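Look at the two complexes coming up: chain A is in both, with chain B in one and chain C in the other.
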Partner chain A sequence: MKTAMSNHYLECLLESLNDKTEETSDWLKQLRAQAIDRVSQLRFPTTKDEEWRFTDVSPLEQLPFKPAQTITTLKQEAIQQFFVSESTNRLVFIDGFYAPELSSLNDSNSCLIGNLSSMVTNQSSLAASHLGRHVHFQDNIFAALNTAFLQDAAVIVIPRNVTVTDPIHLLFVATQEKVTHSPRCLIIGESNSQATIIEDYVPLQQHAYITNSVTEFSLAENAQVNHVRVQRESNMAFHLSHCTASLERHSRFHSVDINFGGLISRFNLDIQFKAEEAECAIDGLTMITGKQLADTHTSIDHAKAHCTSHQQHKCIVDDNAHAVFNGKIMVRPHAQRTDSSQSSRNLLLSGAAQIDTKPQLEIFADDVKCAHGATVGQLDNEEIFYLKSRGLPDLAARNLLTYAFGAEILDRIPVASLKRTLEQTVLNQTQNLLTI
Partner chain B sequence: MNNDNNSVILKVDNLHACIQGKEILKGINLTVKRGEIHAIMGLNGSGKSTFAKILAGHPDYQVTQGNIQYEKQDLLELSSEERAQAGIFLAFQYPIEIPGVANSQFLRLAYNTVQTQRGKEELDPLEFDDFVREKMKLLEMKPDFLDRSVNEGFSGGEKKRNEILQMALLEPRLGILDETDSGLDIDALKIVARGVNHLSNQDNAMILITHYQRLLDHIVPDYVHVMEAGRIIKTGGKELALELETHGYDWVHNDLQHTAGASS
Partner chain C sequence: MSAVLQNLVNQPYKHGFVTDIESEIAPKGLNEETIRLISAKKNEPEWLLEFRLKAYRQWLAMTEPHWQNVKYPKIDFQEISYYAAPKPKKKLASMDEVDPELLRTFEKLGVPMHERAALAGVAVDVIFDSVSVTTTYKEKLAEVGIIFCSISEAVQHHPELVKQYLGTVVPVGDNFFAALNSAVFTDGSFCYIPKGVKCPMDLSTYFRINTQESGQFERTLIIAEEGASVSYLEGCTAPQFDTNQLHAAVVELVALDDADIKYSTVQNWYAGDENGVGGIYNFVTKRGLAKGVNSRISWTQVETGSAITWKYPSCILRGDNSVGEFYSVAVTNHHQQADTGTKMIHIGKNTRSTIISKGISAGKSNSSYRGLVRITPTAENARNFSQCDSMLVGDQCGAHTFPYIQVKNNSAKVEHEASTSKIGEDQLFYFAQRGIDSEEAVSMIVNGFCKEVFQQLPMEFAVEATKLLSFKLENSVG
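So, the complex of A and B:
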């Protein structure tokens, strides 16, 4: 077994930790110390680890990518293209640093939306009771690393009985090459609250860099969060991301996860049902090409009875790209009346494209409804014939069907302008499609 | 009826075809002229739908013998999209669902593609919207039809009406309706039949593939053909359908054997 210290990447990162002398609160110091301790005991995963069978992160070990040492100053015009017109609340982080001049906060609501380091003590103490409590960094080196570097975070608290109608946009911009950034988000939905959160990773240039992010959601009784996660990183980047949602009674978590970017990307999504009658709908679309590898690992823990989970994940894989989906659904012995469905549908556009999909259902209760299915295939000949019989040329027919395959997931994004932007991205990728 | 040779739209000559090595069509002969409506009837497995798919250019079937002339072109030389652009339209027995694409987008894309190929003007979304809504009235379709994904969640009747709507938009020279009447209640059947009658004129032709004489009460054919085992075994006027309804397909079969026996 490889020790952590033989890893050049880890060495560099941990070295840069020692440089830090900035002041911070005790609880954060303590949390980071725990995480650093875990990092020193954990090792980098290899393809011999079941959870990482298809995703080789060993290339990372050779990359001396430290956190950014300088702050890039950007004008709004540089990133305006990424703004979501419906969002009146926007937090922008540049290479991991909060950028207040590019952020925009709408004072008219009673929510707490901001970055951790500028929060006053009573606000940050609420964050303290949640940060690092939902994600399991004890056995996950990347979540532990993110926590070890935790200095600032996007923190959103939707108070009791408050509904925020406009989506809240968390925009993480990468500008520098050969750096590691560790974005962190905490979203707390108090009871009966409702909000839409967009978590968005974008590059300014097609650089190589590492994003290692952690996002924690805590939904209290009857809270609802719509989450849209857009990973449109540089095609040279490494993107590692962990998202955890803890769901209390009657809460609802609806998530759409879009993966376009990254040379190697890995997304872990963990749903934990903490009480009965909660619900989640988690959908995903991965569309990759070239030599990209995109791995999505989801885990839904039906630890309580009467909960509902629905999941549809789709991959469109072209060229030599490789997509991985592993969807674990655990139904524990007392989780009776669980209603769960999972579908993994995958479209291969080239002979060299590769997909590994693994629905993983572990059911220990006997009164449950669990449906699952996985398909891997090419475009359907009957569908192509149908479109060609309406006059569409072969390529246009194929592109329309490819677009439609992805658009079914994009349709679930509850933010119209973002949906349109992403539809356009899919359209551009399915080149030569006539204007529709 | 026009007997001038120039009026022939489709001439099928000794057509043999197979799928995966299995011969389905075993020598079909059929001539269709402008302004005509032909009905093709027959039991399941007689080759009716295969014939329809071959006319539209389905790639899974191989034509092993014979030829098809369409408007003086060799139809078998044309790809399925070229056939559509040249005016052949197949209303599918089982229309395909395309989740993720709005019906309005699909209809406009098909319409504009064919218009461009025919050297005509494309319509922008607003112009198209007016145009398609007018056509939808004919088929008594609700406006929300346009916003829904193509055929997704449509009832059987809605899917068939959507096929006829496409036919109305693409204005084919030769419309082929593959069991468009199957599974329709009488109200939906009347709506579809009215649509087809409205689209039928002296310049185009229709081939109706059906199991049921009922459709032919509403769309009156000039000719009725009976298919069996990959061939057209009997051709007659519209009264043939009524005889079939009364006596069943065995009657044609026995009648033929009887005739064959008498002539030998």
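So, the complex of A and C:
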């Protein structure tokens, strides 16, 4: 079933794949071979595919963006602005390559933080047992592509009973234009462990490039992970991202996803409940303008009973931007006492802005509590009137309401300085939007 | 849960019997010859034959859709007989001349036709296996200028109206089953309400599938001229058969300026036995075009039958200030599958739509709500409210929600909410405490759950629907 290989982007990528002959371990070679095999069998998604109905990735097909080859060396000053002050553990990847001189590892004695290729055998065998095991690259061409180019990865293992109080910052910096990079993260939370992970995508230029990332979380019994994902790529960039979390008994996964950047961005989040009593809270904020398109697809699989999931996703869409949200909640047979709620709220600021939202419930068990809701609208005139009656000018009233709409999600970020930075971004953007 | 309740849903189909009337049946299979035969039998004008053939040619190029959330064995379209008519007898002058066998069938169904016509003041256009046998109250309606007859009669007597509107709301190539229907439809109802006329009574047709293995392809066309209003009722029951029957109807509604069309359905086709054997495949395309300013189209449906129900009564809100409504109750039990919902396409300014959908799944059944709310860039100040609630009875059934919301205008306000619940033991206990047995308790809870929809039904239908739901769900809670 070889199809759609006339694709320029794929051809170019696969060509460069043949050039590569780096030394890697056997398991990694095998995993990559599987992924390469999958890529050759899968076809590039089109808007005819239900999963990609509103997101046209065909512009990508014409871009001969090879994987980044040369390593750019950067001074710390260049990226200091992105650092999170609370975070003493930081892994920096420049165009997909690990930059040890910019990274800092404070808690490396209590837990394992590092990159895959510099790990010793016993550590990497743990990674081997998880890497590519949680993400379903069998039916997702971008996850398969990422795996096919897998050379290095950020690996974090929080051992049993360890709590890492400082957030761990994974910073992915894009410096080159017209390249593809494939960042990869693996986070393993062993039983009773706790950690906060910040996954951060930033550019040092405003040109076009492709980021195709995969992040895998594996949470053992009673582990807790707070995950903050910040996508502030260049407004010309293509960002494709896939995040998977497997949750064991009593584990807790809290995630906040912030999407500001990218010309076309797509974020897939898969939550898999592997045992009872686990819980997840996933929140998202998309704020886009210009001709941006941001697509968020989440899937929460309640395969086991007594699990809880809560989700709130918000989009603020201006100009000609187009936001897509698809939230699927699957309650499998016998997943009794599932408690699940989902809400998709969308704010349209301009006449040409567009929203496609689809909260989707599939329920096969009867003793469950499931609810979802979706709203699309503009700022409430009565609310604006109320603020004006208190002496605020029209513009300030609108800014305040738009900011407040987004701030509800930002409030859930457990890292104070990052929260402030992002709040400032939203505030600046609302002012930019509305002063014109 | 108690065993008493286990027995509550499993009541056999009450309307299962076959009436023995000689049918004139076309040979099985579909080709241009069959279509020419149907057209010739019905003495149709050339343009209608062309319409059918065009649909047939488009159908040939189409593939059966598979995106829906239902499963069924592949249909062999060449194994179906596309035409069945009761043998023509001499023209009927009064009710006494109607085939006594036929009358007995209706009596078994509890529809004493003449009584119903006289007492309830409802004109019943009886459809029996694709050919309209008798039409009552026609004269009374004719006095105010309303045309209410079978579509084949309309083709003979009012070809200009049929030609003007047929296929304008559901084009021949709209979808696989609509194309099939356009090619082979045998009969259905036609209704035309002239300018400014408020229809003095509820109009209703009565559908039955009778001849074994003959698919029914109904075609309904309702036109409400400027300022007209009509309430149309459609109710169905069908005899019990083992082989699956395909029912692919098309309903088109056209509402011009200030017109108001209310279309109500109670659907109780044979659903198959408790093992999922037999039952009707109900694949229907229903669509209303709110073409004029201030027009209104309202769909109300109570879906309790059919092995598979697959339909989305939709509204295209083209006229400014037009209103679309969809109220639905879908009950599935045993192995029934339902994938139903609506589409609200907002095109005109200040258009409003309301969607209330209640799904009840019991046994091993699956029911899905699939809806689309689309606000196009021209639809200033559009407003939509959707609510779809599901109730699960037992732990082997499924309830699914697929709401698509597509907004391209920032003055729009769209709200959607959905919830899932079940009949709790504590609720049943509360009823038991007050001396109400579980059977009645389930019936009361379910009727309470569906109240918002039943309120939309015309009086006599509301009573029928309430009863239908109770006996559908008997034995389901266990």
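Everything that follows uses one rule, which is that the second predicted complex is superposed on the first by the 425 of 436 C-alpha atoms of A that agree within 3 Å, B and C clash if a C-alpha of one lies under 4 Å from a C-alpha of the other, contacts with A are read in each partner's own complex, and residues count from 1 in each chain.
Here, a residue touches a chain if its C-beta (ideal position, glycine included) is under 8 Å from a C-beta of that chain, and two chains touch if they have at least 3 such contacts.
No experiment lies behind these values; they were computed from the predicted model shown.
Asker: Output check: A:Cys12 vs chain B and chain C. Expected answer is one of first, second, both, neither. What do you get?
Answerer: After superposition on chain A, A:Cys12 lies in contact with neither partner.
Asker: Residues of chain A touched by chain B versus by chain C: which partner has the larger set?
Answerer: C
Asker: Can A:Ala396 be said to touch chain B (first), chain C (second), both, or neither?
Answerer: first
Asker: Please work out whether A:Phe364 is in contact with chain B alone, chain C alone, both, or neither, and reply first, second, both or neither.
Answerer: second
Asker: I'd like to know which partner A:Ala353 touches here: chain B for first, chain C for second, both or neither.
Answerer: Once the two structures are laid over each other on A, A:Ala353 reaches chain C alone.
Asker: Considering only touches as defined above, state whether A:Ala303 meets chain B (first), chain C (second), both or neither.
Answerer: Neither partner.
Asker: Just chain B (first), just chain C (second), both, or neither: which does A:Phe405 touch?
Answerer: First partner only.
Asker: A:Gln378 contacts which: chain B (first), chain C (second), both, neither?
Answerer: So A:Gln378 only meets chain C here.
Asker: Give every residue of chain C touching chain A within the complex, in rising order.
Answerer: Contact set of chain C toward chain A: 67, 375, 377, 390, 392-422.
Asker: Of all residues in chain A, which touch chain C in the complex?
Answerer: Residues in contact with chain C: 50, 333-334, 336, 346, 348-378.
Asker: Under the definition above, what is the set of chain A residues touching chain B in their complex?
Answerer: 381-383, 385-394, 396-397, 400-401, 403-408, 410-411, 434, 436
Asker: Contact residues on chain B for chain A in the complex?
Answerer: Residues 56-60, 79-81, 83-85, 89-90, 92, 95-96, 98-101, 105-106, 108-110, 112-114, 117, 149, 166, 170.
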